[in-house]
Amino acid sequence: MPSNPLLTRWQQGRTTINGWLCIPTSWTAEVMAHAGFDSLTIDAQHGLATDLTAILPMLQAIATTDTVPLVRVAWNDPAQHMRMLDAGAQGIICPMLNTRTETEAFVQACRYPPQGYRSIGPLRASLGDEAGYLGKANDEVLTMAMIETADGYKNLADIAQTPTLDALYVGTWDLCMTMGLEKMADFDDPVLLGMLDNILNVAAKNNLLAAIHCGTPENAIKMREMGFRMVTPLTDTFSLQQAVGEGLRKLR
Amino acid sequence: MPSNPLLTRWQQGRTTINGWLCIPTSWTAEVMAHAGFDSLTIDAQHGLATDLTAILPMLQAIATTDTVPLVRVAWNDPAQHMRMLDAGAQGIICPMLNTRTETEAFVQACRYPPQGYRSIGPLRASLGDEAGYLGKANDEVLTMAMIETADGYKNLADIAQTPTLDALYVGTWDLCMTMGLEKMADFDDPVLLGMLDNILNVAAKNNLLAAIHCGTPENAIKMREMGFRMVTPLTDTFSLQQAVGEGLRKLR
Amino acid sequence: MPSNPLLTRWQQGRTTINGWLCIPTSWTAEVMAHAGFDSLTIDAQHGLATDLTAILPMLQAIATTDTVPLVRVAWNDPAQHMRMLDAGAQGIICPMLNTRTETEAFVQACRYPPQGYRSIGPLRASLGDEAGYLGKANDEVLTMAMIETADGYKNLADIAQTPTLDALYVGTWDLCMTMGLEKMADFDDPVLLGMLDNILNVAAKNNLLAAIHCGTPENAIKMREMGFRMVTPLTDTFSLQQAVGEGLRKLR
Amino acid sequence: MPSNPLLTRWQQGRTTINGWLCIPTSWTAEVMAHAGFDSLTIDAQHGLATDLTAILPMLQAIATTDTVPLVRVAWNDPAQHMRMLDAGAQGIICPMLNTRTETEAFVQACRYPPQGYRSIGPLRASLGDEAGYLGKANDEVLTMAMIETADGYKNLADIAQTPTLDALYVGTWDLCMTMGLEKMADFDDPVLLGMLDNILNVAAKNNLLAAIHCGTPENAIKMREMGFRMVTPLTDTFSLQQAVGEGLRKLR
Amino acid sequence: MPSNPLLTRWQQGRTTINGWLCIPTSWTAEVMAHAGFDSLTIDAQHGLATDLTAILPMLQAIATTDTVPLVRVAWNDPAQHMRMLDAGAQGIICPMLNTRTETEAFVQACRYPPQGYRSIGPLRASLGDEAGYLGKANDEVLTMAMIETADGYKNLADIAQTPTLDALYVGTWDLCMTMGLEKMADFDDPVLLGMLDNILNVAAKNNLLAAIHCGTPENAIKMREMGFRMVTPLTDTFSLQQAVGEGLRKLR
Amino acid sequence: MPSNPLLTRWQQGRTTINGWLCIPTSWTAEVMAHAGFDSLTIDAQHGLATDLTAILPMLQAIATTDTVPLVRVAWNDPAQHMRMLDAGAQGIICPMLNTRTETEAFVQACRYPPQGYRSIGPLRASLGDEAGYLGKANDEVLTMAMIETADGYKNLADIAQTPTLDALYVGTWDLCMTMGLEKMADFDDPVLLGMLDNILNVAAKNNLLAAIHCGTPENAIKMREMGFRMVTPLTDTFSLQQAVGEGLRKLR
């Protein structure tokens, strides 16, 4: 595993762009990896690739480029965190975290002892760097806690202090719904913007990176301007649907 | 996702017939879907299809007909409940429930806030009805609690009061074993029939549908007469074994 | 297999729109099937789904809608023609045909005796219409001969007289290259337009449908105006690449 | 590869029973292998398993029992014959043979030099008998020529003299259709019975085994009595459909 | 399921040799099964086969020989324990156990009532012995608790008294790391040897089998001499890497 | 597709080392790609990966390194040649060629017009170099004709003059068998050495590269000294078998 280029880019002050993979095939993963994202996240929660049988070849396809592969796991399940890291994911985005305790369980599953309880066996992750991987993994593997439930938002300050946590990742749609907002993911809604401002402040105070799910490139531009350092502007499936829908409209 | 036809049929007083899929292939799923069941349940617990890599094409194959696809999950795991619903299952049958607390955790994983904590991302479930799905999912997704452990049977009355639970599904074999019955799934055994009667009463009292695993069409007829409103008369594997065994016997 | 709706639409004088599938997954096939194409062609030649292991679930996914599934096979191989028809493709687009003899071999592989030599065993194709399929298959299965080689173009008049052939499908890119045109698939190039005009005339004279690979919706509109009755305006992969590329450009 | 038990049984005068696999999964292959057939044929022509990705695990599943695995290939394609033998099939049933020349091309693809032109590389076939396989393969691998086209039937006497051919396998359905019989596979039809009698005579004269596709156990009993030495009474898919259809009828 | 031969061999006083499978393919599983191990463990934690889609054909491939198939699951998850046993694993190696309570949850998931809470449905496990499986499974299914965390080592005496537990399996690498040893899996390190001695004693006192992960055949010989009764000398992936590395070195 | 590094190395006078992949999984392909071969050949003839479903992820796994991916196809089938090149193979090794005519059919299937008849659609091959691929493919795609049949050896001089052919690849085992040699692939046998000398001379005279299948690193060293410029010293499966066999012998 090469050193994580996302870390370097963030240290240089760049806002990185993250693509989202729901299509369960190594072919589309490779196409997306050639598009020029800084990172690509395989969505093992709502996407259609959920087990290594599908995810391993996607990770390999991404590794044909310099794009950093991340996995949004299905749940806060230590077995899945470890498996994805062993298979070469360079970071985990964990959904539905409600408390500091849950967040610690997540983060420690991604750290070798003494920082955590990750089990040894990084077969693919250490390929080509068998000697060095164990020494650098705890520093380079990214842990991103999704803030997307009412409880998670309430316990934000506490969650943000979890040792060795790297980032807060806003799950905009779920957050809007659990907070009872009238409109889903309306990036002009002052209520949403107020919450995002709060999250940015807590992140800054705790030296965490702030990341966010944006839905469209236009929203991503706004969020970058607001201060988020990693933005997810689009998914493979929605992009395909949009392009094809537009093409068909021209023909009708 | 079309509106759930099982709901309509039950409102019309019909007893629906449910097939059971253990063979992990979209081909047999489609063959079964053409046989004329009201619903088909993919068994992700004891069957051989356990992850979306195998289950997604089965759900798609069933969707070529009007048969309603259900999934019997492997365990009371919210990630799996949500994943199967996102992929288009129109109901979840959850095994091994022992208590009301467990049942609430199950049911709420299948309901969007404020009724539950299902996370948003129904990629396949909302295909063709992107605008409407979120509004109707909580009403149409079926949640069926398996009654099949000694504790579950003991806590039946409590479990049955779980808000938004739709049905009790009797796991006859496990129930017989955990209750220490001498014969397994003997539908003439008065002890078993007594328990089933009790389950039917509790279901009726709580306005829940009662469903049951029957093993054979003959047992299913009995159970339908007894009052169960959804009966599972056969599985793909056992049907194949029986037909082939019978064919070979003729030749010997 | 329902009666082929493409036939009906062509009889009504409509020009149908055909999508092109290179991504080897049932998920994208289903997404494309919901987009509203009249037909979708699985490209088993240059696409990434080439065997039934990948193609069967795609055919099933398309069959959840009214979209007609076609397969562009890899070569003029009777085994593959028959296999795709057995699996439920409602038509075959055969590449690289050079002569009438080759075209007859193709078409007859798709017709049951006495018209051809297709072998009996339409397992999936006849699902739901076991009694009727054999009687109507020869009338409803579409055979489309690709005109895309210098020899094929030279022998056009002869190829077009192949009994029970349904359509000529122009493989624009290969045709341009084998004819030594300076620009590839430039739909303003009078040399290309002259050839297309010739193909349209031969098709009309022989009562064949004319279809064409267009690359973009804009070209497809031109080709529809020129007289083609089935146009392929886009592929899944190129649409994805374009949409994602555009999204990323906005962010840079 | 153990010595082929079919050879022994035929030498003992037994008529062997052959099952037919169309479902593309190792699970059903293993279920069928436990049912007690002498041999099982994976149908790579009309069945849904057509490439090693699906067929290899089926061959392995069958190898957990003493049942002999055969493959009915999709076409007379030497690459496929060799691949199936390398993967452990103990015999090939080749469809649609019309002439002696075609039959020689088939049989020789299954024989190592100097008898044929099979290429060396029996990775799985020789597992456990690396030293002995090459020496015995030409004697033990079964080659079965399907007689199912009008030309094949016309050239029967010639085909039957192909050196090292082991058996004639009657493709009853295709034979009826190509010969223009009014009823398909009616085993009481004197025209069909006359043809079968002829095939049996030619087989006997050339010291070949005669095998036949029967559709039902009842027909298989008839054909066994008529003199066929290998009978195929049923397929997995049709057995499943029948058993499930019967079960549902009881419930209606 | 045949009676478990590992039990017999241990009763005869033999030390058995266990191979380790990380490559997710039935081909390599079958190659390894022919190599002559007493048992083979599919590593569903750090290996690349993690779901039944990949593991089922591996279990079938192993079942073509007398080698006993075991699975090292990814986590102490009852659903996974039961699924692997249903699919034919004859024993479960459970990682990362810290306490007696956790160990009881593990072991009982592998035992039918009244000893545990395993759910009924051994589809593949009972193939060929449908009548007898339920009666013998609790006696023959092996449960092996990994001792590899600091807490697990501290609670060793307590864990070892878990009713119906069969074995302690030392996870040498994780144990060294969580105990803070300077060298990883150095089988000459007196600190490690002291811990192993302690584990052997506790195992002996509780009538448990002691097993260990050794990394190399040389270490396995040492551990066999020290008293371990099941030793794991190598993995498929590391063996492949070593052999290929050595071959390439000769050529440079 | 990057420019083919094999061409550069051969121009520098280096003898390149080629590994052979029979295991059908992207994991072992990636492990092998990290071992340091100049090229890796996926064996789609005798290996277990034969269709893109298995081969695509292997090509992607190899592309995570600088190793050049080649495919040994199953037969001289233009559809397969083109498909493998479209999917990113940088060269094709074609087995069982007997004549110049066959060799021309092979080579021209790998060349775009006017040199050949390869069809346009290099989806993966051109990923990242969409503009440049068509211009350089004819120069950089490698075509290697296997010399391994008696006819092929007889027609060697003629075959070697096939325009745009790049290399002769000796299939040592098949060659020994078809030529009736007493010992198979004995690299000390003067008869074999004489034939190899002849092949080297014909290659040199026609400016072709000479490559050879060696079986062991020791044989590969000899063949490199004899003048072959690409040597295949080992396969994944045999290396695994050897290493595991050796490990087990130490323990017995």
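Order of writing sets the chain letters: A, B, C, D, E and F. Residues in each chain are counted from 1.
Quick note on the criterion: a contact is a pair of C-beta atoms (placed from the backbone, for glycine too) under 8 Å apart; a residue touches a chain by one contact, two chains touch by 3 or more.
This structure is a prediction, so every number in the text was calculated from the model and none was measured.
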| item | value |
| --- | --- |
| Intersection of the contact lists for chain A and chain D | B, C, E, F |
| Chain hops separating chain C from chain A, counting only touching neighbours | 1 |
| Chain E against chain D, contact positions shared by both copies (same if over half, else different) | same |
| Of all other chains, the one whose Cα centre sits farthest from chain E | C |
| Interface copy of A-C among C-F, B-D or D-E, judged by whether over half of the contact pairs recur | B-D |
| A-B against B-C, pair bridged by the larger set of C-beta contacts | A-B |
| Superposition of chain C upon chain F: rotation angle, C-alpha, nearest 5 degrees | 120 |
| Far-end chain from chain B, centres as C-alpha averages | F |
| Euclidean distance of C-alpha centroids - chain B vs chain F, Å | 53 |
| Rounded Å distance between chain C and chain D, as computed from the means of their C-alpha atoms | 34 |
| In chain D, residues with contacts to at least two other chains | 22, 24, 27, 31, 48, 51, 53, 56, 77, 124, 237 |
| In contact (per the touch rule at the top): chain pairs | A-B, A-C, A-E, A-F, B-C, B-D, B-E, C-D, C-F, D-E, D-F, E-F |
| Chain F to chain A touching residues, read off their complex | 26-27, 30-31, 34, 56-57, 60-61, 63-64, 124, 127-128 |
| Parts of chain E lying in touch with chain A, wherever the complex brings them together | 22, 24, 43, 45-51, 53-54, 74-75, 77, 95-96, 148-150, 171, 173-174, 177-178, 180, 237 |
| Chain A-touching residues of chain B, taken from the complex the two chains share | 51-53, 56, 77-80, 82-83, 86-87, 112-114, 117, 119-124 |
| Chain E to chain F touching residues, read off their complex | 17, 19, 22-25, 27-28, 31-32, 35-37, 48, 216-218, 220-221, 224, 231, 233-234, 236-237, 239-245, 247-248, 250-251 |
